[in-house]
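What follows is a set of structures for review.
Both complexes shown next keep subunit A, but they swap its partner, so subunit B is in the first and subunit C is in the second.
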Partner chain A sequence: MAHPLQLGLQDASSPIMEELLYFHDHALMIVFLISSLVLYTISLMLTTKLMHTSTMNAQMVETMWTILPAVILTSIALPSLRILYMTDEINNPLLTIKAMGHQWYWSYEYTDYTDLNFDSYMTPTLDLKPGELRLLEVDNRTVLPMETPVRMLISSEDVLHSWAVPSLGLKTDAIPGRLNQTTLSATRPGLFYGQCSEICGSNHSFMPIVLELIPLKHFETWSTLTS
Partner chain B sequence: MLDVEAQKPPNGKWWTPPFDPRFPNQNQTRNCYQNFLDYHRCVKTMSRRGKSTQPCEYYFRVYYSLCPISWVNRWNEQIRNGTFAGKI
Partner chain C sequence: MAGTSLGARFYRQIRRHPALIPMISFIGLGMGSAALYLLRLALHSPDVCWDRKNNPEPWNRLNPNDQYKFLAVSTDYKKLKKDRPDF
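And then the complex of A and B:
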């Protein structure tokens, strides 16, 4: 989850998100290098009384500032495409879960073996216990097994919503009449928070997502208790 | 409707619809709908031939896992009323 005054992305808890963090660092470093080069050049230009008013051609510098940006863009594009293709890899999920967006809550359906489905409403601020997070906690968390690929199918029962969990690098739009698939794979147990990411009415900011990732054995116990 | 509970695998053995190369992309709407149609067509054909509908269980499990419950209920209601748009 995010913490106050946070500047960067949340800590990664899935392999794809780890890759995205590295890519973000790489792209941001390039941005800083270019910005400092430009600022340095501007400062050089503005702090000299020397002038050259009869410039006719500048072949060397023109070549450099054509080749160098092309190289930089390639060095950004290649890791980006690598991650893009990584997100589309075929993995064999162990479990399928449906997340349906409503105004203004999420409902989850676990129908591989049972008819388990439940609604997940945000806990109102007045009902929070000490230590709980404002506008992020829900009454029924989505319990999932960790370290297993899970197929998430996202849709909506009314308007557009978007199911997002930043620490797992997930954001998938919930579109009525369409079933969008994404794969979830957490590297560690814990609670992972997210919020609805597509404007959907007055309580758009108040329909969070909480994933509770637990070891597979405990998940089996939980699913027998709740079915 | 076949009983979902009866198909629950023993603990430790998990089953979920496998990757279907006919629907490789993010949009799985057609995957759900196709399996729903295939289940009903399978049941209709097997019953017409007087055979057991046990092989149709596969399609049932796939569509029941993939399709949202509200869609399934709506389609079943339409089938009961004779207003279902798909060809079964």
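And then the complex of A and C:
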């Protein structure tokens, strides 16, 4: 989850999110370099009494500030496309879970097991136990096995929603009448929080997602207990 | 008239402004790549149907080890097993 006054992305807990973090560092460094160069140039321009009003021809500088931005943009585009294709790869999911968006809660169906499905409502602020996170906790967490590829099928029963878990690098729109697929693979156990990411009515900010990633053995115990 | 064809006029203008050569080449590269990718999608994408009589729904005739995306970063499609029946 995010901590207060956080500026950067959350720590990565999936391989794709690690790649995205590195890419974000790379692109942000380029942005900082260009911005500081521009700011420095502006400050130089504004703090000199010198004047030159007769520039007619500037072939060398024109060539440089065409080639250099093209090279920079290519150096941003190539890793970006690589990660884009990486997110679409086949990775043999071992488990399929359907997440259906409703106004204003998520429901999860584990149809690989018989009769394992539940709704996941946000815990109201007055009912929070000490230490729990406001507007992020739910009554039934989505329990998943860690280090296994899981196929998530996302759709909606009424209006547009979006199922997002930032620390795993996931965001998939829940569109009524359409089934969207994403794969999830967490590298470590723990609780991973996300919130609905498509405006869906008055309680759009109050339908969070909590994934509880546990070792496979414990997941199998849980699934037999709850189904 | 010899020197007023499109190529001759273009050549003269480029000689006067050589700084435009990188810009024209990068734009040409970008537009050319976009056009080639569009052509690749039109000809090789399984979502496109050209021949309604002989190949009506190409998306129904995919194998598990077909690679129809442009780039495969860490999956070797030839090695994937085909574990479903043929119809």
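Note that in this section the second predicted complex is superposed on the first by the 227 of 227 C-alpha atoms of A that agree within 3 Å, B and C clash if a C-alpha of one lies under 4 Å from a C-alpha of the other, contacts with A are read in each partner's own complex, and residues count from 1 in each chain.
Note that a contact is a pair of C-beta atoms (placed from the backbone, for glycine too) under 8 Å apart; a residue touches a chain by one contact, two chains touch by 3 or more.
What you see is a predicted model; the values in this text were computed from it and never measured.
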* When the two structures are overlaid on chain A, which partner does A:25 contact: first (subunit B), second (subunit C), both, or neither? -> neither
* Asked: Which partner does A:62 contact after superposing on A: first (subunit B), second (subunit C), both, neither?
  -> second
* Tell me which partner A:117 touches in the superposition: subunit B (first), subunit C (second), both or neither. => first
* **Which superposed partner A:90 touches (first subunit B, second subunit C, both, neither)** => both
* First, second, both or neither for A:109, with subunit B first and subunit C second -> first
* subunit A residues touched by each partner, larger count belonging to subunit B or subunit C -> B
* Which of the two partners, first being subunit B and second being subunit C, lies in contact with A:181: first, second, both, or neither? -> first
* subunit B and subunit C footprints on subunit A, overlapping residues -> 90
* **subunit C to subunit A touching residues, read off their complex** => 17-23, 26, 69-75, 80
* Asked: Which of the residues in subunit A end up touching subunit B in this complex?
  -> 90, 92-96, 98, 100, 109, 111-115, 117, 151, 153, 155, 157, 172, 177-182, 220, 224
* Structure fact -> Touching subunit A in the complex, subunit B uses residues 4-5, 7-9, 11-12, 14-19, 24, 26-29, 31-32, 61, 64-70
* Where on subunit A does subunit C make contact in their complex? -> 58-60, 62-63, 66-67, 70, 81-82, 85-86, 88-91
